[in-house]
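In the two complexes that follow, subunit A is the common piece, with subunit B as its partner first and subunit C second.
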Partner chain A sequence: MNALSRFFARLEGPQTIGRGPVFWIGFLIVLAGACSYPMFSDGYTVGNTVYFFTWVFMALGLSLIWGYGGSLSFGQTAFFGIAGYSYGVLTLNFGAAYGFTLAAVVIALVIAALAALLLGYFLFFGRISGVFLGIVTLSVTLVLERFMAQTAGPEWAIGKARLNGFNGMSNMPPLTIPWPGGDIILFPDVQLYYVVLGLLVLVYLGLRILVNSSFGNVLVAIRENPERAEMLGYDIRKYQLGAFVIGAVLAGLSGVLYTSWGQYITPSSMGMTAAALPIVWVAVGGRSDLTATLIGTLVVLSGFQALTIHGAQYALVVMGFLLVLTVLLAPRGIILAAADLLGRLGKSKRGDA
Partner chain B sequence: MDAITVAFAALYQFGDAFAFLVLSACGLAVIFGMMGVINLAHGEFIMCGAYVTVSGANAGLPLPLAILLGALVSAAVGALVERLVVRHLYERPLDTIVATWGLSLIATQGTLIVLGSTMGGIGTPLGSFQIGGYSYSVYRLVLFVMAIAVLAGLYALFNWTRFGVMARATIQVPHMAAALGVDTRSVYSLTFALGAGLAGLTGGLYAPTMTLVPTMGTTFIMEAFVTVVVGGADVFLGTAPAAVILAIVKSAMTSWQGQLFGQIGLLLAVIVVIRVLPKGISGFLLRERT
Partner chain C sequence: MALLETRALNKRFGGLHVTNNVDLSLEAGEVHCLIGPNGAGKSTLFRLVLGEHSPSSGQILFAGEDITALKSFQRIRRGMSVKFQVPGIFKALSVRQNLETAMQHHYPAASLHEEIDRLLEFLKLSGESRQLAGNLSHGQKQWLEIGMAISLKPKLLLLDEPTAGMSPEETHLTGEMVQRLNADGMTVLAVEHDMAFVRQVADKVTVLHLGQVFAQGSIDQIVADERVAAIYLGQAHG
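Here is the complex of A and B:
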């Protein structure tokens, strides 16, 4: 019991909203609902839900970098693409036998982390200011997109894997778990749903522990005032780089899951529009809190999906307006603004009584 | 004779790259230098200028007038955007980037919905000339001259006019300028409109050389970013020298390996430069002088 309460204590802290038994009972109810959801639905719909979940990792990573660390990174989709393409190249070359797809996931994430480490070194150790960080990361993403888009010719192949230019790579094997008596192939269906849901819960809880640890507190201190954090003796470059790499790995996880989910990846998943969408999800929900980001991302994504039925261009215009209005009217995000309002109402009621 | 041909080809390539970098970046740099804000809808102002220019030319206006019209319409749209959105965000420069990105999404997709995926262009005017077996477009030389003219015009504007004095005062110490009676709010709006108008001018100038699609802004935006990051906050001490250096990198890489490697070279150059000169070339030069 003692160990359990210590574990819960590490999940809570000043950097996350939601604490105490009420929040965690609510969390368990939502989790139970998410676990039992496939029983009330068909495989196709469940597979579509997985699609939503795959994006949340990237959003949580952006929340860590931007919301907690205050570094504007517009290049999340670059790491998404790097990891997605790496997974494709690896699995197309070596197949899915002996659980290799799982190794491919790990290797793809390591590649994304190394890319982030290299880029982040130049950015953070060059101490460039917030505005420049955003546009340099965005430039990297745009150039990567253009590079991948021109790889149509047969000379652009890594081993057996053709990069296929603008059309992207396809037909890579989905995630496969080796199992006695026949491998489990995770097509977009109930099994993949549970795997991704499990990953999501792990990442969410892990990030909660991270942001409430001393690392997270220093990160928030840097966001509030970099000079002060530095005067207090923290090497802010290392903390920023650390958050950047973790965020890039999470974006890479999204990329890998997306690639194995749909068995394709195209350069446009790194383009200007694709890069804007994570910003919308995270900003609208409330970038400076993990829970708000999680909920906001799922809500905005399902809204986007519903609008896309009427035409993707209209949906993107709505996303643009959503972003502009959020920044103007609720700069901290709609969910956080609502939570603040509820908290104030609750407090004033208790004050009256 | 051969040496002259090669030299001219290299010079022409350099001039072309230089003009592209200066014209792409100047609108962005003017706004950044004044307010420390990056306008992510910069590419869409360029797109706006190009579309207006082509519509004007198709309606029978002579090309120079059509380009001027494109610049003016962009400036007007810029003033409107400043009034509705950017004005409320001056205290929060990072949020301005995000908000202008939202505007960029709206503009790109709105154009796609209203005007369709492409628009009939106009051919490149002025024909071409030949030196040593290679043919060169005269219009590219005009673009180079225009880039120089824009830089000269901005220099004159900021140094020799009343607006320029007020603008420079506002850049240096905004509240002091305000205390001395400068209406800093209107200086900000005018500067934003000026930046948008320069973007529109760029769009108009390049409209005859490219196909008009709603996403054409992204063609310029990467070069614009890179030039502003390398240059830093000052248009004359930053953007112009940055464009010279980057144009050498770009034209060399382009003639060696093609257009894409020109861009990759730019990107690598910028990543190395920010490691060495985080405040850009102008930051470096200004620190040297003081």
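Here is the complex of A and C:
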């Protein structure tokens, strides 16, 4: 019991909204709902829900880098693409036997992490910040998109894997778990849903612990006043780089899951539109809080999909308006603003405002 | 041995010679005030000591070690700490979290919050613990930053115009606090305009003028020096 309460104490802190039994009971109810949801739905809809979930990892990573650390990365899709393409190249070459797809996930994430380490080193140790950080990261993802788009010729292949230019790679095997009675192949259906849901819970709780730790304290201090943080004896460049690499790995996880989900990846996943959308999800929900980011991303994504189905060409325009409205009316994010309001109402009801 | 020493320190910004061959020496345990008219090079010297600027030539020694090439955070870890002129605090974080961020690696986790409570009391901010730092009054912000600076238990405390914007009463209280810290063994280097404050706390005063050390001595010697009065009236080299 004592260990359990200590565990919950580490999940809570000034850097995350939601604490105490009420919040965690609510969390368990939502989780139970999410677990039982496939029973009341069909395989296609469940697979579509997995599609939403895959993006949340990238959003949470951006929340860490931007919302907590104060560095706006406009190029998280670069790591999404690097990991997605890596997964494709690896599995197209080595297949899915003996659980290799799982090894491919790990290798792809390591490649994304190394890319982020290299880029982040030059950015943060070169003391690049603010709008310039956004420009450089955006340029990186756009360059990668352009590069991959011109790989249509047969000379662009890594082993058996053709890169296929603008059409992208396809037909890589989905995630496969080796199992005694026959491998479990995770097509976009109920099984993949549970795996991704499990990952999402782990990442969400893990990030809550991280941002409420002493690392998180320094991260938000850098966002508030980098000079003061350095003058407390912190090498702020290392903290910024650490957050950047973690965020890149999460973007990479999104990329790998997306690639195995649809069994394809194209250069446009690193393009301008793809790079801008995560910023909308994270800003609209409330970038400086993980829970707000999580909810906001899922809400905006499902709204976006509904719009695309009913009026394809306007969906992006609506996203733009949504971002502008958020910035003007609730700069901290709509979910966070709503949570603040609820908190204030609760307080005044108890009479201790 | 001197705790802080600058040797033939120079800083040029283009053609502007802002710090000109400054030799400064601080004995451990003293309160040393740096004064001088506007543009004398006080702030630049301060930033050179902190590592925010790197000198064009010359050396900076701290506790006998050459720290000229060290970055700011490395100097802080060796035992310096600073309070800026404009309160450098984390506005969107609570007062408690401001101190926690400063103190988390200097105290064991078990006693961290007790230490924070003690410091809050010392700073007369106990009631504001959960308040956002950005909502404090100007004076309280100054105190909070002083609290963060001294919570690192530095050997040398650097104060950049600590009483800027304070009432005479608050200035006097700040002076008393500096004296208390000094009594506990902290060495202090302060850039200051307020002569009442300097008179209250300084063991030694260095007057900078046009980037050079113009005069040095006790406050009484400095006040009695007619040349010093003259530069403040703009008559030196006249």
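One rule holds in what follows: the second predicted complex is superposed on the first by the 350 of 353 C-alpha atoms of A that agree within 3 Å, B and C clash if a C-alpha of one lies under 4 Å from a C-alpha of the other, contacts with A are read in each partner's own complex, and residues count from 1 in each chain.
The criterion applied here is as follows: a residue touches a chain if its C-beta (ideal position, glycine included) is under 8 Å from a C-beta of that chain, and two chains touch if they have at least 3 such contacts.
Computed from a predicted model, the values in this text were never measured in an experiment.
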First, second, both or neither for A:218, with subunit B first and subunit C second: second
First, second, both or neither for A:331, with subunit B first and subunit C second: first
Per-residue touch tally on subunit A - higher for subunit B or for subunit C: B
Which of subunit B and subunit C A:272 touches, first, second, both or neither: first
First, second, both or neither for A:233, with subunit B first and subunit C second: second
First (subunit B), second (subunit C), both or neither touched by A:126: first
Touching partner for A:14 - first (subunit B), second (subunit C), both, neither: second
Contact residues of subunit A, present in both the subunit B and the subunit C interface: none
Subunit A partner contacts - residues on subunit B that touch it in the complex: 32, 36-38, 40, 85, 88-89, 92-95, 97-99, 101-106, 108-110, 112-113, 215, 218, 221-222, 225-226, 228-229, 260, 263-264, 267, 270-272, 274-276, 278
Subunit A contact footprint on subunit C (complex, rising order): 50, 71-73, 76-77, 81-82, 84, 88-94, 97, 100-102, 104-105, 145, 148, 152
Contact set on subunit A toward subunit B in their complex: 72, 119, 122-123, 125-132, 134-136, 138-140, 142-143, 146-147, 150, 271-273, 276, 279-280, 283, 311, 313-314, 316-317, 319-324, 327-328, 331
Residue ranges of subunit A in contact with subunit C within the complex: 14, 214, 217-218, 220-221, 224-225, 227-236
